[in-house]
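In what follows, a structure is listed as structure tokens, so that the remarks can point back to it.
Which chain is which? They are A, B, C, D and E, in the order written, and residues in each are numbered from 1.
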Amino acid sequence: MPFMGWGGSPSDPLYGGGLHLTLFVPIGCELSSERSSYTFQMPEEWQCEQQLALRTICLGAQARDEFHVLELVPNEEGAAVPLATLKPSVLPMVTLVGVELTPPVTFRLRAGSGPVYISGQHVASKTPTHYQPLPPHSDP
Amino acid sequence: MPFMGWGGSPSDPLYGGGLHLTLFVPIGCELSSERSSYTFQMPEEWQCEQQLALRTICLGAQARDEFHVLELVPNEEGAAVPLATLKPSVLPMVTLVGVELTPPVTFRLRAGSGPVYISGQHVASKTPTHYQPLPPHSDP
Amino acid sequence: MPFMGWGGSPSDPLYGGGLHLTLFVPIGCELSSERSSYTFQMPEEWQCEQQLALRTICLGAQARDEFHVLELVPNEEGAAVPLATLKPSVLPMVTLVGVELTPPVTFRLRAGSGPVYISGQHVASKTPTHYQPLPPHSDP
Amino acid sequence: MPFMGWGGSPSDPLYGGGLHLTLFVPIGCELSSERSSYTFQMPEEWQCEQQLALRTICLGAQARDEFHVLELVPNEEGAAVPLATLKPSVLPMVTLVGVELTPPVTFRLRAGSGPVYISGQHVASKTPTHYQPLPPHSDP
Amino acid sequence: MPFMGWGGSPSDPLYGGGLHLTLFVPIGCELSSERSSYTFQMPEEWQCEQQLALRTICLGAQARDEFHVLELVPNEEGAAVPLATLKPSVLPMVTLVGVELTPPVTFRLRAGSGPVYISGQHVASKTPTHYQPLPPHSDP
């Protein structure tokens, strides 16, 4: 069962003051035999540049001891791209920090019955041209 | 038993001179059956932008040989996001450098009896508009 | 059998507006006994700076339990450079985020019968001098 | 027995020309039952911003097959923060690239008899305001 | 037997146009009982800033199942710094992306009979003051 992350939106005080240029909102999904694919959509109310920044892929504690292969499914034509191979008794998780993808992004379980958890952060960047600097002041 | 990190504050000489833009303060907590969740709060005296930069998640030497699953708990509605799956005989630790979260951040042990240690650094950034450059001088 | 990634081109709205400076297009290939080498070419219609940013190298679920060694093959003279050593029962995948190579880039299976999957992203950067900032406007 | 790294100082030609803004000097220490803690000090002759950038933590070939837990010891009050858990037959090393700490930094072996090796680089940064650009010239 | 990487030099079209600021040239070496140390030298024809950016360290498919410890040897006085501990049946490779060293850099096999492969990229950076921007033009 896929699930959405929590909290944080462009209307947050943290975001609106011209002081913060980037917002990171944790997000995740769960893949298994019952639901073997999931698509991360772009939140509609966000109108600036967006990315899905992957964080980790990890197996659930109850996953069977078999190879789980996770793949990226293309939005258009082309073959899927295997991204991770995990097995509880060998490698139960992997860090994918630094992998950023443009939504919509679809993941599919090519092998294994899961559960496999994908964690990431939605990144919304405001370009520097929008940046309103605070008036200069002396250091506290 | 969770515990706080040490040292370093915005009143440190390192921080106040206009020369250093970012402060990294090590911080950590311990999760186990006795205390299965912990929330990293934002230090109140810090008023500038802050992040919790994760560093590593590792098992204690005495942890039972079972899967330990650590999850992020949302501040608002929504399901928790599993972030790491560790087991002493398979993978006793993982590096999560590059994962930054906005406090308050709550971690919970979804599976396993621990101890699981989370290490990170509180990052306090001063925006460039506050930056007071030193007067130019010739190189030594 | 090698395969190409999907989607995204310099004619995409995402790319053309002067707002986005970099395009990441997922791409991958599969190496095995049948096809033990593959060359990532530079897409011809792209005329700006390009890189192949590696993401992960992972074994297929059906790979034999033997060591698989993947090497980079030089475009000119010189010996190949081993880049990864994987084995299903020991280490079924590795993350190579941060490794960027200039196409054409050729990978070859030095040992093992595969399948070995290489995932990456074609990175096309527009230099800042091409950047057309949006007219300034007040924050929403 | 702890040991110091080698080479490189602010008086090096590499450092003094205004062309290079950052200096990386390899450094390391060894922890074991005989010496279970070590403090990385800041070289006194360096007067600019400094950091200890961790690189790897690895076990010696002769380490006993037991869990080794390495922790950061606070300079002031507060509990130590476990940073890494290694075992020869499970995970004999870990990469900690991206973890930077402000000296003095003290590491201690909480569990295990070692040897455990910590490698890092002393980073000395010169701020951009000190930067003297070369006069412009045509490309070679 | 150590070996040099391939391709790419400052006289390449990619490098000379003022458009590209950094050149990455893959490079590697092999260490074993027969040749247990190797020094990466700085290519003489390169006159700008240079670094050896490490990528991966991996064992050959035929390596004996023993611990292999790789260390950095100082150019001047001081003890060597162990950097990686690998074993075929436990951890056959490691990623060292983010570790950059100033040539000459000497690696030595402290334990194990190899083969151990070190892969990296020679990085030659041109400083921004040399940068000749293209004349501004409208987006395609």
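By definition in this document, contacts are C-beta pairs under 8 Å (C-beta built on N, C-alpha and C of every residue); 3 or more make two chains touch, one makes a residue touch a chain.
Because the structure is a prediction, the values reported are computed rather than measured.
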So if I look at the partners of chain C and the partners of chain E, which chains show up in both lists? none
Could you give the fewest steps needed to travel from chain C to chain D through chains in contact? 2
Inter-centroid spacing, chain C versus chain B (mean Cα positions, whole Å): 31
Computed distance of Cα centres, chain E from chain D, in Å: 19
Got the chain C residues that touch at least 2 other chains? 90-91, 95, 97-98
If you connect every pair of chains that touch, what shape comes out? Choose line, ring, star, complete or other. ring
Round-the-ring chain order [start: chain D; next: chain E]: D, E, C, A, B
Under the touch definition given earlier, write down the residues of chain C that touch chain E in their complex. 10, 16-18, 49, 66-69, 72, 74-79, 81-87, 90-91, 94-102, 110-112, 127-130, 132
Give every residue of chain E touching chain C within the complex, in rising order. 3-8, 14, 19-20, 24, 26-28, 30, 55-56, 58-61, 88-93, 95, 97-98, 117, 119, 121, 133-134, 136-140
